[in-house]
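Read from first to last, the chains carry the letters A, B and C; within each, the first residue is number 1.
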């Protein structure tokens, strides 16, 4: 292997200091060890960006490997002469596993493959969820894909106007609050919609995210076109003895999450009862007993998170399906809004799959270029989307408040006698 | 080499038989060595569909779950954070595991991943997972292993002295910063990502490994307003912004760009075709309606002759008060409190200073369990600006869609110093 | 309209657009030009044409377009097109 050419990077080198893991140290150490010019060139280009305060990357039209419309992002340096090793430096999105669990035998093999095929740089993980392999040339894209599929039995993730790689929280694998099997639903839908994931189908991107409970650790409500959030509908399970243990200071509130500050002794009245958004809890000091009026509970999880040994979500569990979240481009940021308040997901989830097709068919017919489903619903009105598109009865849970104007677009068939009227008859009653 | 192709086909047969759903055993492909030249044997550029395997998705997650997790899947009883970064989880069966959470830089090398593998092999039988916030989690099944693991992790450092695997990210602290690519790999960023994150986390390091804040605090960074990642619902977030419309390189544009594509790329229809004369030659080009430009960089994506980045113009906006959790209060958007801070590589001192100031003001004044946004709603935004000493400017008053919903339609407000700044001149 | 007919129609639609100087086309635009076919069928047919090598994808970063292979703006960025 020929000697590598190093660049002077005094500003970038400043980021070797300090306690937080230094990506600069990591990249340089790796570059030295593997004699990878790309590592030195990318640090050199970053130094140049630090000097100019401007990026030095260009975009290419590459989208994927043959037959795929996503999974690869084309990237070119505008500094071909200075940094030839990163002139073409494309990204591959590799579909992460549900819950982001791995075994080292798979990871080591992936690493070996990427040392051979690319720069050795990775993201664990990208914002959408994928494992991101950063930096390779156009010629290496097909061999990398063949290595992934044949030697790792692993596929690319989504990009462009495809279904993006779905993502879920840790789910039942580690969390006692997970209210439906997020990993199973994630995997099932991922496998069922492989075509939509790899080939462009839509006016724009589409995302599924699965959170096991309303704490929403994967931020489904903020970024998924379809957000699946676990919820229950019956009574919170109470262990009164454990509640008393919290009150008496025998158990640490919030599982020890506040351990490094003296907040004083645990005060159930102040910390739980008064913070409850449903105002549905009562602590009987005399009886030393907690009462919950479950009808008024809005399932915010606060009391459960504060006293996890004492309280658990109910037993009748399912998923709340919300629709339409997106980042601000273009019509402004949107959170997902309630679509189906409660759904009991059962494998193989055929009803959910059919329901998704129904939404997609409408969006594909009626969406404009680069219009997310949430924006389309805004354009036509949630009321029309519910009644005319998905056929769901509108209920108060769909809105925060009812509309404040009576500018209702009545339809002709809703008004007795229709809109065709006889002006002559009218004039008989009301001479002009 | 033919043997290798045969061998891979045989292994594919096993995968195919189970449709990839390996449950009790792991896919044997991962025990097979990597063959560096197999792909060249399998891939034929003239017949691209030959030997092509498609639509297989990610590996089935179940095979990568540690046996203790498989056994107790869906049967966890409770958890306790026994120290920052260490979560003890107890199953209905009585089984106990300890989850050790460590921050990572997200941008890393395969050697860093191998080091994670080495640790996972040593203490966790090779099983490991990542969180949605770029933390890595090691799971051990005894206190002895936990002790040894913690000791081991503390001693792993980069040559420059930074920790490779800082322990923390749990409870009422600052977790890892979700972020984007920035100057390391994106074509439309206004700021760097990894460098800004490193600078902030160095300064907030003590809050990553401790539980002394009023509630968990989620930080995020997006390097342009396309916002890859849920920056718009974070407690404190950094957004890169451009402030100059793209330049148009008339001389070169028609040679490197397709004009209808560039026009179609603009989300606001601000680009129109045009013709100019250069040295007596007619050139096709475009014109940008600068007053309609929202600085997204989509045109530069389609046309390298329309660069948007500008060292002087670009910089950072800071937004605060968002959240995604439904706990106590509903999810909400973050709000712009500092509209612009210049780029200051390599350490971004002004940005870091303000982030720390906001965080520590929050830490000092908020009640227990109050997220940043809940605290601000309780005290009022006027009080937030007073306490943090962030100057309020007209840039924090919305003039985009539905702006009116953010104006104050009540006489409920507090008399902060701002009130006396209003002087009526007649 | 059967699938082969639809494929032919898609190619015609794209060729017509190329003649007007637009070499990359959104799926939505193809759908608009063939109103009597279902959006999902058009998507399937267009993607099959890519498999057959008669069309190719082009990325705008956040969305994907369709074009005729080798026509118009190439996949490699920044290289000057000598034909222009």
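Before moving on, here are some points about what is shown:
Everything below uses one rule, namely that a contact is a pair of C-beta atoms (placed from the backbone, for glycine too) under 8 Å apart; a residue touches a chain by one contact, two chains touch by 3 or more.
It should be emphasised that the depicted structure is a prediction, and the values quoted were computed from it without experimental measurement.
Across A-C and B-C, the chain pair carrying more C-beta contacts is A-C.
Comparing the CA-atom centres of all chains against that of subunit B, the greatest distance is found for C. Rounded to whole angstrom, the centroid-to-centroid distance between subunit A and subunit B, based on C-alpha atoms, equals 11 Å. Per-chain CA centroids place subunit B at a distance of 33 Å from subunit C. Within subunit C, the positions touching two or more other chains are listed as 26, 51, 60-62, 73, 77-78. Residues of subunit B in contact with two or more other chains: 48-49, 187-188, 226, 264, 301-302, 304. Within subunit A, the positions touching two or more other chains are listed as 58-59, 67-68, 78, 195, 369-370.
Against subunit C, the residues of subunit B that register as touching in their complex are 48-49, 187-188, 226, 252, 254-261, 264-265, 298, 301-302, 304.
On subunit C, the positions that touch subunit B within their shared complex are 20-24, 26, 51, 53, 60-62, 65, 72-73, 77-81, 84.
Across the complex, subunit C is touched by residues 58-64, 67-70, 73-74, 76, 78, 88, 138, 159-162, 195, 199-205, 360-361, 364-365, 367-370 of subunit A.
Residues of subunit C touching subunit A in their complex: 26-29, 31, 38-40, 43, 47, 50-51, 57-64, 66, 73-78.
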